[in-house]
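You will see two complexes here that share chain A, one where it goes with chain B and one where it goes with chain C.
Here is the complex of A and B:
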């Protein structure tokens, strides 16, 4: 059971949005899909859910081609940044309407979440603020009970308390009834501990596709006097440098060395956000 | 159980240590139940697979054990085992670092020993 994306190509005019992307989202895992603005995250998610068509390649959902196949698409729910809901519709009616297409949608749970987030479900979609528009969509995503849930910028406009609530409910839901979640977000630090697997996309290409623990154990920072740092990293895969005065920090890809750092140098783990910035810098 | 995650070490190891601390302090007594995977992952907003990995370290070491269908419990003798393990790590985790920092600050061996003695005296007095 998985979503398989195979050699997908998508061009918008002369811009290549996805360049032979191959990636698999396995059953019951939480994925972090990371990339800078315009890297191709949303395009990828839109192709998986058949909202736009690829120029080449294919998407299989549990082995079945997804293209214009409602049975396959019923297994996926995608929450997007854009609103596809009729603006004059009341939230409670959208809940009911969602249940039509996704029979496992849990209306009672959705109503409970709405209460917890203090979302008035008698309101129209168009009357919602950016934050509440995200909350309303997040509630549907958590209640829909499909095997695959894709979340494109789920916490856009949410304040810290609501973001924390969302992460809490997500973990709770996932622990009780596991599904595959793909979270695309810019708030990397916040999801860093939540996800099991990380996919980094850069200019339409997948540049990292690894378990979080592995990725995190595969990068480190060496800092100290510039000359010592330069000497130490000479034969290593340096992905970025920072310097202040005579001090330098080098970001290195590779197994963290087991031996003690040489005198005057300090070796520390790299955090996910830093790693992301260094890998995706131009 | 309170864990302030640092960025330095893998989360699952910090979860295991947090549980160890709670067992050592008596917060989770021997033969008492520890929080479930779900409780831990929801509470710390971490992936349940990570929480499981952390707890499994303690299971492998015989610190906690599973009761099928009920949950996880602190084993009898867990405190003794943990103390022994922590004592073995004491030199690496504390003494080595102390000596390194002392060297950076030009603190002599005698000065360091004096400070250590002062530390113990303050502790006894309080």
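Here is the complex of A and C:
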């Protein structure tokens, strides 16, 4: 049971958005789909959900070709940054219609979430702010109960409190009724502890497709007194530095040293965002 | 199962404009029909060819909200094939409903005309084919049957135009919007006059006469069916590769 993307190619004019992309989203896992602007994340998600068509390659959902296939498509829900819902439709009507299209949609749960997020479901789509527009779509995504839920920029425009609420509800939902969630976002630090598997896409190519723990072992952080840190990392591959007062953190590529850290230094796992910047930097 | 939901959604989308349309017809009939009855005088209320007004409405309904419904269907995981089939079923259902509604209004209007000579409500079909020698019930059933195809042809034509415009980019839209009327109203008469020596316009006239001026309503039916087939094929060609646009 999985979404299999096989050798998918997509060009927009002379721009290659996806170049022979092959990736698998297994069942009941939370994925982080990371990439810089224009890397091809949304294009990949749009091809999986048939919103656009690939030039070559195929997508299988639980072994069934997804292209123009209602049986396959009903297993996926995609929440997009863009509004696909009629601008004049009220949120409560959208909930009602979503239940018609996706019979497992939990209307009561959606209404409870709307109350928790203080979303007025009597409002129509066009009257919502950017944040609340994301909230209503996130609520549908959490209530839809399809085996695969794709979230493209789910926290766009959300304040810190609402983002925190979303992450908490997502974990709660996942632990109660696991599904596959694919989260495409630029807020890497916020999802770093949420996702189990990370896929990094760069210029239309998958450059990393690994479990988070595995990916985090690519580097480590050395923190401590600036002079000690400088001394320790002198002959190492440093990908970034942060300094506050006399303290310094250095982000180093390579396996975490097995020996004990020298006195006055602390060695921890690498910051995912730093690693992402290093991996996707030109 | 999903096709049923898609049809239900699209019929629901059409219900409001259809209700507003008939409410407007009802209000106008009531208002203008009551004036001569209340104030007397020589004034008469006449509504002839309600099917014409409905035909324009059907065309506009076809043009309406292609993008909105298309995006809603994409959001809910509906394939283009299901989208298209459900749209055809929706349009056929609406055409049947509106054809029956119109005939109902015409029959009521004809009854009122018998009560008062100040009110005249007649259908296009009744005017055009009044000499057909068939009984009244059969005549009304035939009128409903043929009107269904007229309405379906027009709503499909509107749908085809809106789907075609959705696929075009801004520049092509402008070019088509200018060049099509320019071709029909300027270039075609010029070509006909200079090259075809009037034969082209004569051919168009003959075709239109065959459809609209014949005493046989089945000429119109056959023409509508052909037009529907062409619109279905062209619309499917346009829609099968339609994608979300930024």
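To be clear about the criterion, the second predicted complex is superposed on the first by the 237 of 282 C-alpha atoms of A that agree within 3 Å, B and C clash if a C-alpha of one lies under 4 Å from a C-alpha of the other, contacts with A are read in each partner's own complex, and residues count from 1 in each chain.
Note that in this section a contact is a pair of C-beta atoms (placed from the backbone, for glycine too) under 8 Å apart; a residue touches a chain by one contact, two chains touch by 3 or more.
Keep in mind it's a predicted model, so treat the numbers as computed, not measured.
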Contacts of A:86 with chain B and chain C, given as first, second, both or neither: second
Contacts of A:70 with chain B and chain C, given as first, second, both or neither: second
Partner chain in contact with A:271 - chain B first, chain C second, else both or neither: first
First, second, both or neither for A:167, with chain B first and chain C second: first
Residue contacts with chain A in the superposition, chain B compared against chain C: C
Chain B versus chain C as contact partner of A:49, first or second or both or neither: second
Residues of chain A touching chain C in the complex: 46, 49-53, 68-70, 73-74, 76-78, 80, 82, 84-87, 97-98, 100-102
Contact footprint of chain B on chain A as seen in their complex: 30, 164, 167-168, 171-172, 174-176, 193-196, 212-213, 216-217, 268-269, 271
Residues of chain B defined as touching chain A within the complex: 5, 7-12, 37-38, 41-42, 44-50
Of chain C, residues touching chain A in the complex: 2, 5, 8-9, 65, 68, 71-72, 74-82, 241, 243-244, 246
